[in-house]
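Quick one: structure below, then a few questions.
Order of writing sets the chain letters: A, B, C, D and E. Residues in each chain are counted from 1.
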Amino acid sequence: AEVTDATVAFLMPDQASTRYEQHDYPGFAAEMKKLCPGCKVLYQNADADASRQQQQFNSVISQGAKAIVLDPVDSTAAASLVKLAQSQGIKVIAYDRPIPTAPADFYVSFNNEGIGKAIADSLVEHLKALKVDPATGGVLQINGSPTDAAAGLIKKGIHEGLDNSGYQILAEYDTPEWAPPKAQQWAGGQITRFGPKILGVVAANDGTGGGAIAAFKAAGVDPVPSVTGNDATIAALQLIIAGDQYNTISKPSEIVAAAAANVAIKLLSGETPKAEMTLYDTPSQLFTPAVVTQENLKAEIIDKKINTAAELCVDRYAEGCKKLGIGN
Amino acid sequence: MSRQVEQAAPVPPQLDRADVRVKHEAGLSGAIRAFFDRVRSGDLGSLPVIVGLVIIWTVFASINPIFLSSSNLVNLLFDSSTVGVIALGIVCVLMVGEIDLSVGSISGFASALVGTLWVNQGWPVALAILAAIAVGGFIGALYALLFNRLGMPSFVSTLAGLLAVLGLQLYILGSTGSINLPYGSNLVNFGQLLVMPKIVSFGLAAVPGIVMLITGLRTVARRRAANLSAPSTGGLVTRAVAITIVLELIVFYLNQARGIPWMFGLFVGLVIAMHYALTRTKWGRSMSAVGGNREAARRAGINVRLIYSSAFVLCSMLAAFGGVLSAARLASASQQAGTGDVNLNAIAAAVIGGTSLFGGRGSAYSALLGIIVIQSIASGLTLLDLSSSLRYMITGAVLAIAVIVDSLARRSRVSHGRA
Amino acid sequence: MVDNPDGPVPTGELVLSLRGISKNFGAVSALTDIDLDVHAGEVVALVGDNGAGKSTLVKILAGVHQPSSGTISFRGKQVALADPSAALTLGIATVFQDLALCENLDIVANIFLGRELNPLRLDEVAMEVRAWTLLNELSARIPSVRVVVASLSGGQRQAVAIARSLLLEPKLILLDEPTAALGVAQTAEVLNLIERVRDRGLGVVIISHNMEDVRAVADRIVVLRLGRNNGIFTPDASNQELVSAITGASNNSVSRRAERRQAQQDQIQEPRP
Amino acid sequence: MVDNPDGPVPTGELVLSLRGISKNFGAVSALTDIDLDVHAGEVVALVGDNGAGKSTLVKILAGVHQPSSGTISFRGKQVALADPSAALTLGIATVFQDLALCENLDIVANIFLGRELNPLRLDEVAMEVRAWTLLNELSARIPSVRVVVASLSGGQRQAVAIARSLLLEPKLILLDEPTAALGVAQTAEVLNLIERVRDRGLGVVIISHNMEDVRAVADRIVVLRLGRNNGIFTPDASNQELVSAITGASNNSVSRRAERRQAQQDQIQEPRP
Amino acid sequence: MSRQVEQAAPVPPQLDRADVRVKHEAGLSGAIRAFFDRVRSGDLGSLPVIVGLVIIWTVFASINPIFLSSSNLVNLLFDSSTVGVIALGIVCVLMVGEIDLSVGSISGFASALVGTLWVNQGWPVALAILAAIAVGGFIGALYALLFNRLGMPSFVSTLAGLLAVLGLQLYILGSTGSINLPYGSNLVNFGQLLVMPKIVSFGLAAVPGIVMLITGLRTVARRRAANLSAPSTGGLVTRAVAITIVLELIVFYLNQARGIPWMFGLFVGLVIAMHYALTRTKWGRSMSAVGGNREAARRAGINVRLIYSSAFVLCSMLAAFGGVLSAARLASASQQAGTGDVNLNAIAAAVIGGTSLFGGRGSAYSALLGIIVIQSIASGLTLLDLSSSLRYMITGAVLAIAVIVDSLARRSRVSHGRA
């Protein structure tokens, strides 16, 4: 059956990065508009509060949502939301983070654990390429918030990447609330502690990575050891251009969001969307994000039109851009 | 004795009506006139907050009528109950002029405890809940000890507690991250589904009016017998009937959807019990006295330390219980439970409802009213598609508006010489 | 502490006995080596200049402050008054100079604070009736007992504080300037009351700056000066004597003022007839 | 408001004039239709029972409360005393019954509060010297002016409050029971002071429950009863008269007490010689 | 005049030494004896917090000697300066018995403003900073308006502000998320690298001692002239020398590493200025008076509203300035700036340092001491490899320990009759 006027909700978890409001939601809304101009999209962000997400979930049901795309704040707590919705015949599409204990109707995501592993692997390869001797030191690991499930996944992935890499983890830190100043302070402490033994830093997102870079700069360490990131924020891309940050992860969320919109429409019209695999008993479609370094920044970001050269190459970064062949 | 002799006027009929300077209003019309007098002089109790609430509701409903749909309101009641219970504990510590910044952590820790003990260790659920509440009480006792024996300001001790208890929560959840409470278990049903049968809710809604009438009439009789002035029976009956009608209408409306959550019923029950304890018992009197003038209370022979201890312990126990309810509501005990703005919301609810941060002035109802204000704002805004930045700004503005009415009323009270 | 604290006190028995009481506040010695005896059925007046240490002494007896040294005996037994409730339990009721009322509570609540009737279901009606009775006994002019103490006048507050102390059945009453803010009628009632209480066999300690009132009710007048005992007088001691003991000099502002006024009046009267 | 508020006040000029002042607190009418005149160089005593409304009237004059109705004229001009600083600016200094001191500040800070010397670099030495001078004038016995007011005795606090009011060069001084907590010597000094101030041509309003003191310094005695004017007396009015006006009955506790005491003394004296 | 006549003793030489009940210690040995008397009676100022700090430092240093390495201490000073400036503003509002819960949001908003105006819009950096501070002041003025005109409790208005300003911050950062402040720019260098030349730092460390000596001697002379007691010159010199030695030693030690950050110098400068303003000016006196007894201050003719306004505006301006410094420190203006525990840390710093939450008692130095306690704990723990759960627990415990010494001292003061 053709869907013409359904209400679909898009529930995002937090503000920790801008992607949800800058990329995911616009991407989702645009795709919905294309697929079903008469449909209504409800957007909510739970600001990292599981109870608020529950409230928003109930609220969109009151508003007549027939399909809900849910990026859970708390994957466990989301189980009851899934059950609640399904008991009323409402479709739930898990988005970004899986809901392990209650199979949703579909799961679309970038692979968070994969992200963690990817940035760690990328850093390790880089160090090996530079022929950095593992015996001379190790790397720091900066994780996300200790109370954030997604951070837990990334942390797991980073460990996977580092544990058998030959590079020892000097110290590890769960950054409360992903706060960059905390990451900076912690990194500052490690710099006094380990000094030149720090060969690189695996940071779970661009904010904490930026904090680590600031710590190195503040300690007068030059050059700054390689620092990873994740999310491809403009600020991080600029740091990569300037050579201060080593890598980040580009997650053109629009792709996933569009996929979620497709799945939603399919589910609503009674079709079964095509699944690549089954995760936690849920038919799933996972996208692998791209690691961005100086080498592929132009290809991954500019050429794929995720950001424009004009956005990135403001005055101070113009020179770096030129070196990477970005802009005019 | 000497009074009557000195007074030139004819012997006044009642002990408390002897002073010629006081205007007394009699009968029903008098009661109404007295009410308007009070409105003008700003002595209004919780009325201003209710007015603020009505304004907020009207605005939200006019933007999106779903706000007032009974199913949305039922959800609102579910959501209010969990933090509301915590706010009730906050009222206790605020009454004695102290604060507890760690209620969020304690609630999260309690939910983690219930999760581990019940789900992972297989304890009976009731025992797990009791254990969580007991642990909460123990933490409160610790604060009381630090306060009474070492004189540590509660702001500092509970700030330390906030961190330490959060650490404990992460620690016991460490291996699993978060724990599912079994969907379909009584506890989770209680937190998510259970509503009162219609007949029960109608019955309960009649109780306040009836109790008011019975105790009111008894008091009138006793006061008359003791040669004291007494409110008019007419006014009493009118008030009881009015309250019953309003409550029954609310219940009727909510019964259009799922009905009144038992969890909300429990919360209101706790509020009423706390109100009784604060206003009608020696303990409650001592709480106000200690909050108003600690030294005077001590000189009156009140065991000030015991009162502080009771406040801290009660607050922590209610926080723990609120945590259990949140876990039931979410069907999960997670590392995030109790973090975020639980603390601030609980304290804000009490303050918005009219409990003073400086002690000695407050009411159990402030927790109920305050949390409904806060949750109404949250619920109303979820019905609008707003970006987070706008949502924050509007939440702030609406919060301010909700309290402006109350602040203005209080100001007018002060300018009329009632502090 | 006391074997039989509730037994009746025979008139003339030594109720309270202080020996060598001192109290330092930091570098200030507020009291040095104070001795004081109070017998049952006796009104002892404690007089002295401002800051002489009278209130400090009363606060020590009420358990508010602990003495730096010295011993307190109550009905023959040495006691430690660790806190106000210890003093109250012994039967020592106090009206403090600063009244110690809870401004946020109403009059009834203040009068019954710590001694509420029916702790689990306060008997407001009975308390209100009793409050009116007590206040009327003191001729206090109070519009309503259901207003908070914050809205009362100075004298009304003092009446409330005095009413408080009458509630309990004490063995010893300490009154720290109980009539300072009271009107003439209320003062008369309080003096009557003190006499009635004395006649019931209680010990009374009263502090006052009004020598006339002191002489009217006191059986013994104890003078403090700069924190030390400075003599004990009988009520028929002359004003002159008392004032000299209080101020520590026979040529003091009081006597000078009296002389000057006398001189003025003489001047005025001279030209007349 | 006043054209020349700082000009000297000729003695006998009408400084303050109230007409029909009323004040309600909720249902209580604390003042009803009060009229009052104060002239330069005159001491007006305001007497009345507890709760008669004396302090309320003083607070209205000090700008603390606003009257519910009625007019206030200061030096011939009608004024609105919107807040205490308005009253202070006009030259009305007040000693409040509740003293209104900041307990957390030391004595010097309290005396100079709002009128500190050298606002950008407080001149503590000069202020301390002046504080000592003022307090010594009042014979106040204060160990140190660098202790917080919270640690002072009742009478010491009152002395501080009085010292405060002397700092400013006021046109009118309102004293609400200024000697209630003072010792005999300090009271005498305050009475002296009132006379000196009066002789300097200031208007003085004093509230007191001590009829002797009132008669000693007052030029006119205004009686309030239950918030209404209840007669104006001269200092040579008898005690009996005054007390009747205050209590509203000639048969009152004061007269009864006096009678009873008289009777007792007669009894005692009879058996003697 | 009357005094000397009445006193039987020989005419006392000094105005303030007339009372026989007060023990006075003279000379250097007397000063030392007086000090121990004060220690025994618990009247110690900030000494107990310093003792707590020393305990913490000793423990951390014994676990990991790097903690006391001068380079770690220099980091500590950098980190302390940003939140420290915010805590200084909190001291202002606490002095008048109010609170500002929105300092975190304001600081984040200010950093976002600087980022947008300077980096994105190309304003000169100084202008951007001034604009941010001005906007902060405007927000404070708004709180003052709500408080003075509508009587809204500052807890509520600043809670509303917390949300609204956070919304503004997200809004202006909306399109970019976070903004890099350019490395190498003066502002970022100031926040990360700039330290005082050694000679300057030694010079500045001598200033307090010199100023103390000069003003002390002047005061002694004036007091002698005015017939007041005066501290012994010997004691004064000893104290000045002791302070100078301690400061120079600290500076010497820190100069072993990079030296004293200019940012910390700025913070200390602000603390000293605020201390002067609070203790030596009419405005500061009025602040204490309003905080201690608002009504008494009003009756003394103080413009109470103006004082409240100044407190709120100053607090918000310092919060904004602190935000700018944090941005400089981090070289970035992000959406997370100012969220998390910035609020709580700033308030806690002031309270831990000894400023009362209830108004009227506090000192600018409490911001300095408190923030150093908090940052020492954080810094000490970064040097240990701990799981988050342990980290939280230990932070809580250490915080409690840091304050216990102070609480005990205060208790002893109370039991010695000094409230």
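Quick note on the criterion: a contact is a pair of C-beta atoms (placed from the backbone, for glycine too) under 8 Å apart; a residue touches a chain by one contact, two chains touch by 3 or more.
Given the structure is predicted, the values throughout are model-derived calculations rather than measurements.
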Identity of the chain that, by mean CA position, is farthest from chain D: A
Cα-centroid distance, chain B relative to chain D, in whole angstrom: 46
Averaged-CA centre spacing for the pair chain E and chain A, given as whole angstrom: 40
Chain B and chain E, separation of their C-alpha mean positions in angstrom: 36
Touching two or more other chains - residues of chain C: 25, 28, 139, 141-144, 151, 185, 189, 226, 247, 252-253
Residue list for chain B, restricted to those that touch at least two other chains: 2, 6, 19, 21-22, 170, 387-388, 391, 417-418
Contacts with 2+ other chains: residues of chain A: 15, 21, 146
Pairwise chain contacts under the document criterion: A-B, A-E, B-C, B-D, B-E, C-D, C-E, D-E
Chain E - residues contacting chain C, complex: 2, 5-8, 19-24, 34, 37-38, 41, 43, 415-418
Chain A-facing residues of chain E, complex: 64, 66, 69, 71-72, 75, 78-79, 82, 119-120, 170, 173-180, 182-183, 188, 191-193, 258, 326, 329-332, 334-337, 339-341, 378-379, 382-383, 385, 387-389
Chain B - residues contacting chain C, complex: 1-3, 6, 15-16, 19, 21-22, 219, 222-223, 226-228, 280-283, 285-286, 288-289, 291-293, 295-303, 360-361, 417-419
Touch list for chain A against partner chain B, complex: 15, 21, 41-45, 47-52, 54-56, 58-60, 62-63, 73-77, 79-80, 83-84, 101-102, 146-149, 152
Residue ranges of chain A in contact with chain E within the complex: 15-18, 21-22, 146, 171-174, 176-182, 184-186, 188-190, 192-193, 206-207, 210-211, 213-214, 217-220, 233-235, 238-239, 242, 244, 314, 316
